[in-house]
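I have a structure I would like to understand better, so I am pasting it below and will then ask my questions one at a time.
Order as written gives the chain letters A, B, C and D; numbering starts at 1 within each chain.
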């Protein structure tokens, strides 16, 4: 951690600050330049709050030199983490496709989609039961009944299930879910993250719409700090000024997250653009950029979907997509996980 | 609601869509231009999902003509809502200053700050007990103990208390809180909003860092749809590309939110910039732009604050601020509420 | 074009507006819904300014139904445009790699880099002579001398040259340049665009840091409206909140621009991230997403580059990149153009 | 300037880097912490390029400690600069209102508006002759004829004139203009800035839609580095995600720019929101935040304006605005400059 002092900072106050820092077990290396006087703090600065330093009247700038995340940090865990979801591996060269409807709507719908995506090569089944919707007047999901329908579909197909949680009070309902998803709007719902860290279940953590990559990793760190290291990061499009699509896929997140962390990185091209015809080129780009998996919305009848139909592929379109993704993944040296 | 059809849309499919819409009780006005064919839907379109329409292969664009919020809409409630928090009025010409530390740290701290801000003219006392922090390694607040200390401070000063909730499971602890705050990161924690709508308590709803004003109003609508119309909207700075301050105060939010809704609008200049010397000019701008109140961070010793010291005013600075705000509010024809 | 009228708009004023629109040769289709009254304008609305309509006190909202660009519009030119730069084809399945240093620094540097990138398979040589720099104290390029060095390098290697123009007054210097580049900061320098439209030369138009795709296409339209249809669009990273890299590559721009327009689309992964190790995964993603070419910074000694060394590949790294890009382009069915 | 070295950086390369830096006249202070090794560079680092350092394989992070602007820097010029435009002072407590139409459209229009805004208390007359328009099919301004009409209006009213330049080739036409405006889209047209720096004329420099404040100041530095210190900075709204208005006024820019620089700061509330009814609250906020002036669009018949009618005030609305701004400016201790 580096502290740049203000010009003309009162010496007595500087000495008092240094004394306090030394009292906290740090060593101080001082440099005086022609334009600035700098304190370099040596030791464990994790407990030193930047805002506390900035509030001191002699301090101009505080810069942290090391990353604020530990458990997720690639520097301390050079090897890729491979997350195993009820037998399906993601990461470390294993590429997994998660597919299914935006929301579970009926037994018929989820069973039909589950069978189709399994046949086309998906490794996991997604489906929303609790739905975060901008409007209180929109369909909010089948909730507990939706979870029950997902379990049926798992029984029928053998595909592990992935579904979103919105509240810690619903945790008992998720005991039998294979991977719990945290949605973009809850990426910084820290109470929820902490509790998921106590479950030991694989967690799919989606990036917030305007979150930086470091914020995403810090949210993963919340889960991991509680002892659960089974975290998959998911980039699903960020908010930009572009109006021709819903969000903008941040493809650079793939190589950067893999450099910052050892966790698997999955891309959701369906939410990224919000337009079904864009799923294929974005999915292809994700594979090329080094992603460990894809999350794709598929609906047996998108024109009747209760939610996000515009971005859903039909079962046939998903099958065509898999016929392109499979050889591409192989071209790039990855192995497709089977459900 | 307006639907623009794709060029060359198959007539049979268009007719099928029209039949379905008519079946849902809507009338359809059709216009055919040289470049586009348009369906205007007449009737109650609140139940019609845009994404459902977009998934239809004949549909190119869907545009909603009317606002998706009803209860918060100024059009249906022309008069200003005045929220009363344990006797203190906010809105409709009553201007209230909410002040206190970012987080409650000790009995001595909160009592000293509470007495000071009351003496300077604050109408409500703020203080964080449950703190949303980006890092799991940062101070997370005194939690239940912090709420207890706030109640003490209320007893000592008579100031109603405002504090943030992070999880529905904590609701029983907040029964005795005068106004419950929803933080920026929880603005779209819809389960929390819904439950707060069932409490009947005044709610201070902070805008998310990258939320549009309509999204903020839709989150208020979640609370109001459950029957609780005591909602105050708070602009606290949005994320922009600027690096010289933490966030960028969106001063335009004040007149625009007051045009969109009938709810009081409060500005938090402390979080907006994250720098104590900027609080005064931003507070002055907020009054001039028509805000109904201010939320200001005050600490008896900012250099020792456990959280956000860099943006906190000292008690003396807050007193000086109030001596400027009071005549300015009067200049602009507003009455300062007393605590 | 659709006009939504204000509630309670005065009838006489509405009639006056309609009369004026009819006088301008438009037909009006009116729809009256339960919540809004709508005028649909039929005819050539290109001359109707949205702001002029919005200034009318009876108008609430104006929505344009058709795209404001004509010459660049894919709807009117379904086939891909293939731009030919001194014999090298870009677009329509022909994939071209443009490579070279950020700025031309010396005869030795540009000759060495030119020979190396040619040997590795680049089809065009880039190099900056006029450099837009944020600071007036930074190296501003060799200017006319740099152009001269580029011509030497072209003579030596046979590679067509691409270089940036910053001012219409420099146009005579660019007469012998094969493709003229418009930088991101000049994307809306409309006087420059117009004059480039009168040259008949291939233009490489870079997207502004915060420009929407429609704005980029409108800038291409400026060039095309003057009669020059040889325009290549270049996505080079947009400004976002991310701090771990300089810009964020908008990979979705590739499929979306190719849907909106018939022009070739090139990706610049060097500027997008500003980090040399990220060039390879981003270039791979660009090929997969359907780009028609790449623009890559290569320097014979990046650690001594006068500009943007951090993002430059060495000649060896560029060679390794080309060995990956070539088979990938073939995998995706594109042919590499040779210089 | 601070350099953080990579973990495990090869010692020979570190020594080579240090030797080179020492050879450039710098001293090096080294600190070795538990987690990082840091070089503090002491001396004149203005000539050291960050990207050059980042390209060195031993360098992880480079941080500049001092601001990159000198001439505009408040630290070296503590007193406010007062810019005088043909006798009208702006800055240092003198508050000036610049008013007039978005574009000059006819002699009758500009004469009528000029007389009206003079009568209401404007100190300078604005009017666009060369108009930057997103579409090549929109009205592009009366160009040289517009400048001529502005000169007529100056003769009639005595108000100094302010108008935008788009190209260095037009400079001869601007010789008789009192203050030359650089538009937001040309904020980083460095060739134009440099040439304006050679004129000695007052320059009104508008902030780019997504420019940081430091970038704006660096553009002022381009002008000042050529010897012209008569620069006024203008905040006119930044691009954000908000859709209910055109841009978002960054009110914080006022206090921050005044801290960074000694230059006057003017607010343009008309372009900021793009909506006429928002001009008044935003103008009031600008005065309260400490702005040195306002730039307001006024049209004698906004519903017929060829450009930006939706944001123009009528002459009557402008008069009403001035009746509010005048006492507010006095309340905040500023003197209104007269034209």
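One rule holds for everything that comes next: a contact is a pair of C-beta atoms (placed from the backbone, for glycine too) under 8 Å apart; a residue touches a chain by one contact, two chains touch by 3 or more.
From a predicted model like this one, the values you see are computed outputs, not experimental measurements.
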Listed chain pair B-D, A-B or A-D that repeats interface C-D [over half of contact pairs the same by residue number]: A-B
Farthest chain relative to subunit A (centres taken as mean CA coordinates): D
Pair of chains joined by more contacts [C-beta pairs], A-C or B-C: A-C
Centroid distance [mean C-alpha coordinates] between subunit B and subunit A, Å: 26
Interchain centroid distance [CA atoms averaged], subunit A/subunit C, Å: 31
Euclidean distance of C-alpha centroids - subunit B vs subunit C, Å: 39
Subunit B residues counted as touching two or more neighbouring chains: 210, 239, 241
Subunit B residues touching subunit D - in the complex, by the definition given at the top: 210, 212-214, 238, 240-245, 248-252, 254-256, 259-260, 272-273, 277-278, 281-282, 284-290, 328, 331-332
In the complex with subunit C, residue positions of subunit B that touch it: 2, 4, 7, 27, 29, 31-36, 38, 40-44, 61, 63, 65-66, 75, 239, 241
Complex contacts: residues of subunit A adjacent to subunit B: 46-47, 49, 51-52, 54-57, 68, 132-139, 166-169, 185-186, 188-192, 194, 209-210, 215, 218, 221-222, 225, 239, 276, 302-312
